[in-house]
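Since the structure comes first, as structure tokens, the remarks are kept for the end.
By written order: A, B, C, D, E and F. Residues from 1 in each chain.
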Amino acid sequence: MAKEIFDYKIDENMDLFALIKTADVRIAKNGSKFISFIFCDHSGEIMAKFWDASDEDIENFQEGRVVHITGKRENYQNNPQIKIFNLHLPHDGEPNDPLDFVPRAPEDTSSMEKDFNAFFLEIKNQTWSKIVHYLIKKYHDRFFTFPAAKKNHHAFAGGLAYHTLSILRLAKAVTEEYDFVDRSLLYAGAILHDLGKVIELSGPIATRYTLEGNLVGHIVLIDEQIVEACQKLDIDQQSQDVILLRHMILAHHGLMEYGSPVQPHLMEAEILHHLDDLDASIQMMKGALDHTEEGEFSERIFGLDGRNFYKPEDKK
Amino acid sequence: MAKEIFDYKIDENMDLFALIKTADVRIAKNGSKFISFIFCDHSGEIMAKFWDASDEDIENFQEGRVVHITGKRENYQNNPQIKIFNLHLPHDGEPNDPLDFVPRAPEDTSSMEKDFNAFFLEIKNQTWSKIVHYLIKKYHDRFFTFPAAKKNHHAFAGGLAYHTLSILRLAKAVTEEYDFVDRSLLYAGAILHDLGKVIELSGPIATRYTLEGNLVGHIVLIDEQIVEACQKLDIDQQSQDVILLRHMILAHHGLMEYGSPVQPHLMEAEILHHLDDLDASIQMMKGALDHTEEGEFSERIFGLDGRNFYKPEDKK
Amino acid sequence: MAKEIFDYKIDENMDLFALIKTADVRIAKNGSKFISFIFCDHSGEIMAKFWDASDEDIENFQEGRVVHITGKRENYQNNPQIKIFNLHLPHDGEPNDPLDFVPRAPEDTSSMEKDFNAFFLEIKNQTWSKIVHYLIKKYHDRFFTFPAAKKNHHAFAGGLAYHTLSILRLAKAVTEEYDFVDRSLLYAGAILHDLGKVIELSGPIATRYTLEGNLVGHIVLIDEQIVEACQKLDIDQQSQDVILLRHMILAHHGLMEYGSPVQPHLMEAEILHHLDDLDASIQMMKGALDHTEEGEFSERIFGLDGRNFYKPEDKK
Amino acid sequence: MAKEIFDYKIDENMDLFALIKTADVRIAKNGSKFISFIFCDHSGEIMAKFWDASDEDIENFQEGRVVHITGKRENYQNNPQIKIFNLHLPHDGEPNDPLDFVPRAPEDTSSMEKDFNAFFLEIKNQTWSKIVHYLIKKYHDRFFTFPAAKKNHHAFAGGLAYHTLSILRLAKAVTEEYDFVDRSLLYAGAILHDLGKVIELSGPIATRYTLEGNLVGHIVLIDEQIVEACQKLDIDQQSQDVILLRHMILAHHGLMEYGSPVQPHLMEAEILHHLDDLDASIQMMKGALDHTEEGEFSERIFGLDGRNFYKPEDKK
Amino acid sequence: MAKEIFDYKIDENMDLFALIKTADVRIAKNGSKFISFIFCDHSGEIMAKFWDASDEDIENFQEGRVVHITGKRENYQNNPQIKIFNLHLPHDGEPNDPLDFVPRAPEDTSSMEKDFNAFFLEIKNQTWSKIVHYLIKKYHDRFFTFPAAKKNHHAFAGGLAYHTLSILRLAKAVTEEYDFVDRSLLYAGAILHDLGKVIELSGPIATRYTLEGNLVGHIVLIDEQIVEACQKLDIDQQSQDVILLRHMILAHHGLMEYGSPVQPHLMEAEILHHLDDLDASIQMMKGALDHTEEGEFSERIFGLDGRNFYKPEDKK
Amino acid sequence: MAKEIFDYKIDENMDLFALIKTADVRIAKNGSKFISFIFCDHSGEIMAKFWDASDEDIENFQEGRVVHITGKRENYQNNPQIKIFNLHLPHDGEPNDPLDFVPRAPEDTSSMEKDFNAFFLEIKNQTWSKIVHYLIKKYHDRFFTFPAAKKNHHAFAGGLAYHTLSILRLAKAVTEEYDFVDRSLLYAGAILHDLGKVIELSGPIATRYTLEGNLVGHIVLIDEQIVEACQKLDIDQQSQDVILLRHMILAHHGLMEYGSPVQPHLMEAEILHHLDDLDASIQMMKGALDHTEEGEFSERIFGLDGRNFYKPEDKK
């Protein structure tokens, strides 16, 4: 199998295909243009600068395309990067499918799907069960391929389903420890909480915010889908069941300044908010520590108040 | 015509019918119960305490009922109040319709309706025009009878329509001064911005928050109605027109900590937020200054950072 | 068995012994003194006012004493209370041991201790294991009888151990879901995180803050105990192991404004902070919802930004 | 007439005279010096970098001078800029008057002056009328030529008068809608509210803050002028009229953290604050959207919490 | 000499004359009126309630009057109070001059004046020296008799001069330790920094805010006096000396949210802000600790973030 | 004596030895590496960039080494810098001891030590006196050579002792002005307040944070030393004396968000916080103004809310 980005050691010469995740054209202080790339494959993401870019280069090397790279693996201030020797677009017969190079969730779709099914069965309330089935069916493919975010945590293909599944597993532990929590409501809310991202984001490759994503936002976008589902499924929108489920999604950011139009006023909504936060925090820390040497502090993490994290020495 | 609450002078004996707006049962420090009332009629609201309330009194004198009051008009720390001599429920043939005692907007419904029609005609964009007509028709009666809030500003029957109309008039001035503003969008957004309150609140008498009001909130409640309207009217929900209109409503609280799931990212949404704020501020100040003597400061206004306002002397 | 406080229905006459949890002497508006009590037994806490208290009453009915109460069970604005007919101190032979009336954790000490032992075994790192054993042994009795707080969450005898155990159970689920988390460190930190409360608080009856509690605080108080333990156990204080463990405790409030002198800079410290927060939140919500009727909102919870929580109807 | 900056299309070669608005000398990463320019003429402002600047270049091409430019019009990340081929100072007979190149308010002075006079007549209170006349007369020329700010909104010649006039027109609409507002006070306050900027700023060309501007600020600087005016006009400084007018100016930033030594405690002061904010916001959004393509988001606007604004497609 | 308030022990019967500092009429829960008093004399302030007040009592016992009191000295929740047996206005020949009962600064006027003169001589800069002399002369009597605040710190006759003098003494120590500080500027700023309070407040007895105090504030009020002084003394207002002195006063609250229209941008202004804060804090703590028992915490101090302070035991 | 950095005038050629305080390797936009240096000697610190650095250069010119520099003294945007012509490491016999080039406190160690001894004698309480002596003896050498911070204020050798001494001198003035302040407690707290920095920081040359510094912090590090001292000296840790002293140190940052685990609840702790703040502010302003021209504003100071400070003209 072909060597991937992080199979190369520091200072080793590289020769591989990768996906252009982002390509920003900038102007150097000497007036010429250069491209600031993020390349990726299954092994992760890496930065690189391409100096003195011609108009043709800019035209060729755009976001979402696969390229062939020769260069050298370097490390600069704890950030891995490539010193580029040469770039070219794939020739006929060479690897050219972006999906083959997108970082993916650590579990595969069929395995995740099986786990989800077990959770679906635990939703005993019929209203919630029907709505959840309807919407997961409607957005099935996107749910299992979209990332959970453009950057920060779970920004990989399948990240949305993977993040959702992690929360469900934590939720299971919570309902076992605290038997007064409504398991059906917590699971239904957890499954739908971020589903609006399949409308907010453009997809797993070269992920952007859609216009609806920017002007409406994923919280309200999925709320609207619940309302539509009620109409299709002939469920009374004014029923307590529907109001509770909508509240689970609307309140899951916890604080209004984080975009929830209401704060949690249900025990299960408060718990969902905590679990969402916990899983996101762990993924952000993991992402940063994966590229940190033992005995060092990671880069600062924007989503965690700009804190950096220490990776202990001799950790077994 | 019968004398109303504020027709009585301070220290004058009172004998009148009024509506019980709120009735809170509390326990006095001597252990007996008393009722803390707010009475109202068209002339305004006034507080009163009813001491040593029996269980029968508590049963009789509930929120939303009309009562006959004898007592004395007093003033206590700038707050008008009644010293109650006697309370009884109306006998047959005496006034008994709560709606006859609810404070009302300073303009009557038919006059406001006429003005609204003129604004409707200025919405040239067909998508927005259809949605606005559909929703105002659907909620016509509530729109013209509901208050704009439980307390604070515009807490009177017809307050919702009156507040909306005031904003439209200011919006007209803005579009005349700044000709690059999209008048249709600003008017459509202004008309719908608070319409969710007809679902959030219970009505003009003994106003309470509904369960949906508490757990979903008026901003998302009207957003959902726009989505439904699109389905009924066969309008494409993904069109830019619909997204822009939804953004107008979602962003109108300006800051996320005030309950908007998104901040304004459209010029017209930013303007709507300012005008909503301005009209609400003016009504709060007016409400407080109406009961303030010249040369004095009003009570502190919760919705304006607890500030009090000075009423100048000799103001002509 | 004798009937306890919450075995009585609303409006039922009461005749029972209970513990005086707090007794505040106040002056009524008529100038006489009264005592504002909180009584408690295993079934929970209840308020009561004792009017026209004599100096002898004030002397007799102090915090931490058992009393015999006759009265009536009432409910006032969602807060249960007792209307007192008569109070007297126990006669010889009547129940008189405060510890028999202190609310207790839902699990008994021996059961909790067994569970703790299982967790202790999972701490594979010898430094952490030794320090944890040393300190839990040193404060064994206090650890299993102290509350976790004076009020708010886990304010019952055994609350400290119970809160700690709940966190450990959640921590177990986290380490199963995220295999890169250091289980030994997370468990050791969790066990010690609030142990300083055995110095900060005065004990399970009539709980007060000690002078050290007020001027040093439980976070630094347990940090100091770790330092002492190192000296006794001949462990190098400058070793990474000790620094990491201290950081776990020092950072567990998450934000400096909540009293942590440092923010979390270790993945395990960040996780401990989340789990502590989650368990405390759940206990606060449970406490409030236990006294709330279905279909109603609970009282506002100070420790959760003053939010109130809805208890759904027909919850099975 | 000569072509102006924004008459050139993207990628078109340019040959024109313009004013140097700012000229910052910086050091490039290769160690040589370059000048970062903002050029302007009536059509707007544009950035440009001048590489490898000699000491003579730095001496020649300073803020406030007119230069002849040859270059190419480019666009870089939504920011228009010029690629400079050559710069030289005007030769004899070539355009050389900075005032001919300063961006100007969209209305000319005589038209604005006429409108102001109509507003002056509406100030019926003699105290306010005399003070306003005195100060506008004293600073007449500066008032009609100064910008309202160094950057952000209304940063063009005549911007101060234009901003003031916009507020007066909005104020007129407010007083028509709310007849209990004191028109004289609102107009007098609006006219004077930013007049201190004629002392705070250095003038319309190469605008800087004066020492008084930095250490005293425009709010207190105009307050001091009102005090002086009272002395010249023999008006009692302790009179309510004078105190009210001073309060209008002192409170117009609304919040103390924005530099008002007192918050608004007069209805008219609160309204003036809202209108000032509204007009400034609209001008900032207009400025950003003027250089934004349809269907795109503008650059982020510092004065509006860093938000960017969407320019809808197909806007007619 | 007559016994004063705090010469009486707890539970001792009292018989003395005192000044009514404040008299608030309130309505008891039984519907009758009572007066909530603060009495004072040189020994301090004490609260008392007067039950079942008649209209004549309310008329007689107003703020600013001397009364004869018989009653009992009590202590209630760390707050000293009087249980009133009887009140009457002084008869002819009995003490009746409010000034004889106002709490006073611990140093007398002549002693303070002498110290001030020494500081005046240290102001070597002629501009500052002249302005300071002019204004202290103009407001001499008020400066030495006014309090520094209505409540909180230095709320006693002569408090303004005493507070100013304390700051000057600290300023002297600062200039000795840091020889690069401009002593003249620091002293001049310190002397004038709170002088605006002689216009903001009504005087030493029954202290209220004036209308100017409320709508303009003491910071701007003294700034205006400096401007006037310049005109009388023929000093150039635009000179750096005057601008620096004005900045000292305008910036002395340190943060704009505390009412300074500009933050400190001069070293001496920053230092003055610190010293003002330090002296005010010490006086607030002293005031609270003076009435606290050893080994107890004081009441919470509003001006110090609601903190309470511990008074150590055995303090010699 | 050899010329030092700031003995050279702007544009003068330089030839001197200096210490490399920091050396950051960065990548230029042309892809080559450069080193961004801060050099220092007794006269102060200065920046410089070294272009096109080879791997050998990077290896040679590291933090903490002495180098020989030839270059030119320049000034760039109020920041002094060196244009480097050549760098080399010292040859045998040339100056090579970093300690000879570290900026030092303006007072020498023996003079400071003498002053400290006088303060030690003023600590009359035996508990505090013993602890202070024990700890100052234990860390004597570090106390007199460490800086008080890595950057910001007192970042020079001996800065810790110098900062401590400045606070003691201010504390002396405070205890003279306010005779009710406990001098022993204030002095003892002042001496120890920052002593934890000898563990938090690595030393006077190439100062870094240690792992304990990052994960525990200087406040808790010195608290732990006090606890240890009590054990060695056989002092009761639970005594009020020890609790008070620990509180002095723990609370000295004033606000919890600045890292104090408790806020000040002792008068002396509040005063220590103020004096610490005052001395740090003065040193930061002095540092910035020392490199500012008269009539100009300094650079912005991060530790003072980003404010810049004006240096008046003609200051004698």
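List of remarks:
Operating definition for what follows: contacts are C-beta pairs under 8 Å (C-beta built on N, C-alpha and C of every residue); 3 or more make two chains touch, one makes a residue touch a chain.
Since the structure is predicted, the reported quantities are computational estimates derived from the model, not experimental observations.
Contact with subunit E and subunit F alike is made by C, D. Counting hops only between chains that touch, subunit B reaches subunit F in a minimum of 2. In this assembly, E is the chain whose CA centroid lies farthest from the centroid of subunit A.
At the interface between subunit A and subunit F, two copies of one sequence, fewer than half of the residue numbers in use appear on both sides, so the contact is built from largely different positions.
Here the CA centre of subunit C is 43 Å from the CA centre of subunit F.
For the pair subunit A and subunit C, the distance between C-alpha centroids works out to 39 Å. Chain geometry summary: the mean Cα position of subunit C and that of subunit D are 60 Å apart.
Among the residues of subunit F, those touching two or more other chains are numbered 29-30, 211, 214-215, 240, 244, 265-266, 297, 310. Here the chains touching each other pair up as A-B, A-C, A-D, A-F, B-C, B-D, B-E, C-E, C-F, D-E, D-F, E-F.
The touching residues of subunit B, counted against subunit D in their complex, run 166, 169-170, 172-174, 177-178, 180-182, 240, 244, 263-267, 270-271, 274-275, 277-278, 281-282, 285-286, 289, 297, 304-305, 307-310, 312-315. Across the complex, subunit D meets subunit F through its residues 27, 29-31, 211, 214-215.
Of all residues in subunit A, only 211-212, 214-217, 219-220, 223-224, 227-228, 231, 237-238, 240, 243-244, 246-247, 250, 255-262, 265-266 touch subunit B in the complex they form.
Only residues 28-30, 34, 49, 51, 76, 83, 297, 310 of subunit F touch subunit D when the two sit together in their complex.
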